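Please read through the structure below; I'll follow up with questions.
Each chain gets a letter, A, B, C, D and E, in the order it is written, and its residues are counted from 1.
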């Protein structure tokens, strides 16, 4: 049943090609139905047993082992299916049928990453994630610089992951280790290099500061539904990797690298915040803001403090939700106004109140308005960080929250409020479908904000993470 | 003493082949080369090879070369060769050749000093007698018993060569270049128009 | 899923009703707003009225002392062992709830009239209801977490309301500035929360105040100061006050409700609620007292330099809150709260009165173009006069009792300098309030002819809708003061005894009694009124009023017109450096380092590709040469290996 | 028939071999290049005969015989290709043949 | 003198059975020629292709039987052990698929001759895989080369004839160098059998130089970097089926020889010193092959360069002479076979009489005109690049783990760098195909792409996907030592 979560969307996407090329509405409907089915399976499937088929024997034992379980993987897959459903419902691009197929392929491969219990399966789906985004970047976007830049970063990431998986298999004898079974002990030199491979792949995928070169162009060039998925969920794959693989399998190396990654996260936090303040393209503002939020989550993961980790998980989900909502909203603005330049936009709120409402809701969740998902995650993270003794990081993060309020409002007011610029064509407000697509996201954001502990029933990342982490960090 | 004489002859004729002005001269030099080789083979008691060398090599292959020379230089002027477009070629070529030559000669000098049997003078039997070392009898026996497989394959190789030549040379007669070319040119121009659009995007 | 999430158990339906009714009203108006338009106003007001009634009915719950704890407890949802949300209704929060819902209701009625005819009136009432809900969340919460949630939501409501007319770029900028400074306040409170949670492991008021002794003096001071940062942002204390004058961009009822009566006093509520923390750290109290006094003085001085009627009232609000903060800061909690209670009414009345004037003069806010309205608008004169007398602290009005209580309390708690600043501020307050009165009401009308008669018939909404709330407000403006008469036994003291009873007593017997201090204050105030009369209201001053006001406009000192350059300072210190850092990152780090780096890699790879392709010259002999070189390399290598082995 | 040292024969064949290679690289006439290849093959034949004489095993002779037949076949096809390439061009020069490059 | 025993080795039926697959193929070629004579002009093509395919399939059947009965025929001259049978299987498969492209030949060319020559070339390559001694190796190599010289020239385009000339001259020179190496080996060890090379005379530099010259010949045919110089030109010039055949079958044959040398004929003590140049050359070709592929505008030339890179990966797998390395090199060879021939099939499907579909410009916006073909081509390119759903990913993973297992970390890292560069090169083609066209080009009438290339595409894509998910790795492949 769990494999259906992975293969269902992928095969469904392929079957879409049976539809005639111009059957846009039908393709969208199939896409939404598939995503909804996957969501239902996920929600009802948390007690399903793992599925494991023997795959490789010779160089090392590798099984096709996938499992849902209760923890972080479950919530991320639920988030993935929900966001895909909402995103597919609002696709407005040429050749909708092919686009939906690629969205479903992306959804399937990301589900594969989160459900993988074997490093080889993880590496396979990690590289597969790269494909649909690249195909969309070249098929639907004008110039290909974004495609090349995306390719360079992510290919190197994917290949180092492949090398690290092979090395791990050779060194440890088996790769069937994610989230279960004894933690194999590797010789220090091998372990260090393998960890470096994994860490590089994760750093590139959640764009962490120096490795984020691909992120701005890709987020700007991709059509809104795809960028919502990529920024909302694909970035979580990297953080998921840190949490479930790096902390569990390479605890010592992770300790050694905590100051380095911690400082990268803080730099990313500040860098993303300041950059978002001065961008002229609306999508770039959200792109850099997500760089800043992910920096905060990474900081929490690096601190290793249980409260910060729980906050990181809540914030991961919240960030997924409001990032998707933001990008879909900006997608609607771009479709209506035809331009993404902040200076030429303005005054859309008068003619599109519902769009304005949706965008302000998402912007508020993003800047961490108390009562919404963003705030509860941030609060838990910062409390955890403070308890872990990282005083300076907490203060910097708090200052960035102020900056976040500034750039988010600048974005919202730049597009929605201010004098109505008459040269922009006045388009109709959100259609019923579009509003319907945003409602589940909003509902989840509010639910997370009011009571993040609703996750806590299954939220502890995985018991392996907890007992691998130092409960109280000894402050030197 | 005979060896040194033959060696000098071989090298001279080889150099002549390479440096001859006109291809006909190099063919003649090659003929001399092959004859000297035959003599060397006899000195090394490989009668069958000596005979084959003369018959097959000088007889068949050189004649073939002559035919081709005649065919190619059917025009009035003799064999001209275009200007030298790779003037910088000889120096590195000589450099590479010298290195490999030195490597082989140096290692050859060391190799056989102590390990390999020195060439011993052949038995006193007359040239051509069956029992002698290089006689045709033993050669034939070996060719058709233990080494039968190579023999069969050479048959295959020769057939491939013949078929290849026939197919390659082919009956160009049927080729009527003009209309063929024209048809293809029109087709290609029309396709280029579509594709130039693609190229520009 | 929802039940598990919210875990509501209905001990106190009235408390829940008071809290959730405004939210329900807001959501209803948001969703159905565009359709029901004008009827939305009435809906919003009735919802508020119902909330006010339930608040009144829940007074007995608030006063009932059960199991050693005063008030009604209503647990809602727990996030973590230490973090949970719940409602608490005790005398302190009851007072605020009554003010919020009471004054809120009156302002709702007033707004029906004020905003009649505005296309987005339903949205306005939705925001107002949402604001009341947010303020109730802040006030009714039983722990710091709920406080923080309320704090943020109130900031959001003020953002919506200030930026209500979002076509105006100035309103958009003002709302953003208000919200960002508010978030800065939130950040302060969050830091205090982290410290508390790290030290004590719990955030509920009961838990924290019970273990105050465990906190070391330095952490206690840190907590108090960070909480005060929140208060400073919300209650517009000196460094973070710059958003209040700009907040006047919003409609006048908004200014009345939010920027006079309720939101800006959240800081006072916070300090009053956390009085055990403040009792335990004397230097925190001293700091807060000083900041309060400075704010009062600065607000009063800046009030002198304003020509816009709403800005004058805004600065007066800032100065009055300075008083409250000073009072509550130094430890005179009951006096501070009393002044809040009084100020809520007379300031609302002043704003609504100013609203009536502005509405009548067709949105004209500059007092230099008003004048001589005494005859045309007697009701407005009555409202403004009673408000002004109350704010200056003349005898029968509530201001007299509350302001004197604060000043005397400050003196009692051993701060003579602050007492002197307080008295000086009272004088300046009297001066600029009466300056406004005389300029607006006395002398000839300076309103341009066209504006005058147009205003007359603009009223399509019945005049009484705006005048009734003002009239109702006059009663408490006069009456509240009497509650505090009688020292320890006054109804006010007995009402707050369970809350502030245990808090610290006044230090030493003072030279002068309370009566003498109120005499000193009253004389100083009369002096202020007299000077204002001589400057603005003498017959010859009235005659050449336009030129004199003009001259005064030019001679206004730079300091006043730029409000002590606080705005530019804040902008220069925080906003510009962040933007500069952003541009620096964009220009150098992003374009040169990252893009440059990747660009070089691709160019390098392509160049290498061309370099290796260049070997393919097409000449057979060149290829043969490469082969020969390869053979030479192999032969050389193997000879060397052969020799060295 | 004075029998020289085996290494002399090897040296001789090496020299002949590399004269052949020189012929292939330096000369621009394809026919001479083919003759160069023939030279190289004959050089290896010489070495083969010398080695088989030294080791006293006839395998060398068989090998040499095979080399001769292969050389013949190669010459045949080589000449055919040369004819096909150059039969209508004015100059018979290998350097003219450079359509394929890059 | 040779001992009598050597003479007395009786040639039994078992010897010929070991050779039966090769005999069937060579015989099939003859049958093709005979049928060509008696059939009417119109049915030439289909008849020769069908005959060729049946003989190959039949030979495949015999191969399967030989897999289970390893035997050293002709006194060790021809070893038909599990190892050589798998390589022969690869060659048969490659030839089979190449035959499917014969329709891209021009009308004028006699397809019977072409099919016959292709079959003979295949039999030459199969001889090389089973070669137990230098004689058979040399003859197999020459048979293969001669057939290819003729095949390259079979097109009326001047480029084809030029390719034939270039291939002839360079390949004959390389064969001569390799022959000279063999001769010196024979001179030093006194015997032509590979097994004799295991115990070289101690301290003998000539033995090493001989090995060096021998490896030159091997490297030339495999197209490892310094000796790859001929490959792009010849691959671009030669007609499509010949290029397809050469890019897989010849390399498979020579890989068998290299594997045979490494696993059978390299003395243990000298192993790493003697084989070091091979690994260096493999590493070079991994990097330079892919780098040069970056800026190509002709698909056949690009596939030539990518072939150089891929063969670099396979040779790297031999590093350390581990059994695992051999097994996964074979698996990757199969993967490479299907992916490359799949790509050639797509080119074949696109080309028609006028010109071959190899020019990149003819792929502009292909996705809009012929979505199925574009999808197939990108699927194969993704496979060659080593991205997940394909056998390329699994193959690369197994290669990586075997190289790491053998301890050659630097080779593994270079393999990854090479792959990264190759992905960039393949992605450029995918971009050209999928880039949005300024105006929607009406899908041109499907030119008479004969069904055969489509069959090849189907076979290859099924194999690339199937093997990718569940790798069937041949087991009994350790070479027979006689």
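The rule is short, and it goes like this: contacts are C-beta pairs under 8 Å (C-beta built on N, C-alpha and C of every residue); 3 or more make two chains touch, one makes a residue touch a chain.
None of these values were measured; they are calculated from a predicted model.
Asker: Indicate the lowest number of steps between subunit A and subunit B, counting one step per move to a touching chain.
Answerer: 2
Asker: Which chain has its C-alpha centre closest to the mean of all protein C-alpha atoms shown?
Answerer: Of the chains present, the most centrally placed is A.
Asker: Among all chains, whose Cα centre is located farthest from the one for subunit E?
Answerer: Of all the other chains, the one whose centre lies farthest from subunit E is C.
Asker: Where's the contact count highest, between which chains?
Answerer: If you count contacting C-beta pairs, the leading pair is B-D.
Asker: Averaging each chain's C-alpha atoms to get its centre, pick out the one most distant from subunit D.
Answerer: C
Asker: Calculate how many whole Å lie between the centre of subunit A and the centre of subunit E, each centre taken as the average of the chain's C-alpha atoms.
Answerer: 44
Asker: Distance from the CA centroid of subunit C to that of subunit E, rounded to the nearest Å?
Answerer: Each chain reduced to its C-alpha mean, subunit C and subunit E end up 79 Å apart.
Asker: Measure off the straight-line distance from the CA centroid of subunit B to the CA centroid of subunit E, and report it in whole Å.
Answerer: 26
Asker: Report, in whole Å, the distance between the mean C-alpha point of subunit B and the mean C-alpha point of subunit D.
Answerer: Using C-alpha averages as centres, the distance is 4 Å.
Asker: Going by the touch rule set out above, which residues of subunit C reach two or more other chains?
Answerer: In subunit C, 602, 613, 616, 618-621, 624-625, 628-629, 631, 635, 638-639, 642 touch at least two other chains.
Asker: Scan subunit A for residues touching two or more other chains and write them down.
Answerer: Those would be 148, 152.
Asker: Show the residues in subunit B shared as contacts by 2 or more other chains, in ascending order.
Answerer: Subunit B, residues with two or more chain partners: 85-86, 89, 93, 97, 100, 103-104, 106-108, 111-112, 116, 133, 138, 142, 147, 150, 154, 157, 160-161, 164-165, 168.
Asker: Which two-chain combinations qualify as touching?
Answerer: A-C, A-E, B-C, B-D, B-E, C-D, C-E, D-E
Asker: For subunit D, which residues count as touching subunit B in their complex?
Answerer: Within the complex, subunit D touches subunit B at residues 1-12, 14-16, 18-23, 25-29, 31-32, 34-36, 38-39, 42, 45-46, 49-50, 52-56, 58-59, 61-62, 64-66, 68-77, 79-84, 86-87, 90-93, 95-96.
Asker: Quick check: in the complex, which residue numbers of subunit E touch subunit D?
Answerer: Where subunit E meets subunit D, its residues are 1-2, 134-135, 138-139, 142, 146, 149-150, 153, 158-159, 161-166, 168-169, 172-173, 176-177, 179-180, 182-184, 186-187, 190-192, 206, 232-234, 236-237, 301.
Asker: In the complex, go through subunit B and note every residue touching subunit E.
Answerer: Against subunit E, the touching part of subunit B is residues 103-104, 106-108, 110-112, 115-116, 133, 138, 141-142, 145-150, 153-154, 156-157, 160-161, 163-168, 170, 174-175, 180, 184, 187-188, 191, 194-201.
Asker: In the complex, go through subunit E and note every residue touching subunit B.
Answerer: Listed in rising order, the residues are 1-2, 6-9, 11, 19, 26, 33, 73-75, 77-78, 108-110, 113-114, 116-117, 120, 123, 127, 135-136, 139-140, 142-143, 146-147, 149-151, 153-154, 156, 164, 184, 187-188, 201, 204-209, 353-355, 361-365, 432, 435-439, 441, 444.
Asker: In the complex of these two chains, what residues of subunit E are touching subunit A?
Answerer: Result: residues 324, 327-328, 367, 382, 386-389, 393, 396-398, 400-402, 404-405, 412-413, 416, 419-420, 423-424, 427, 430-431, 434-436, 470-471, 473 of subunit E touch subunit A.
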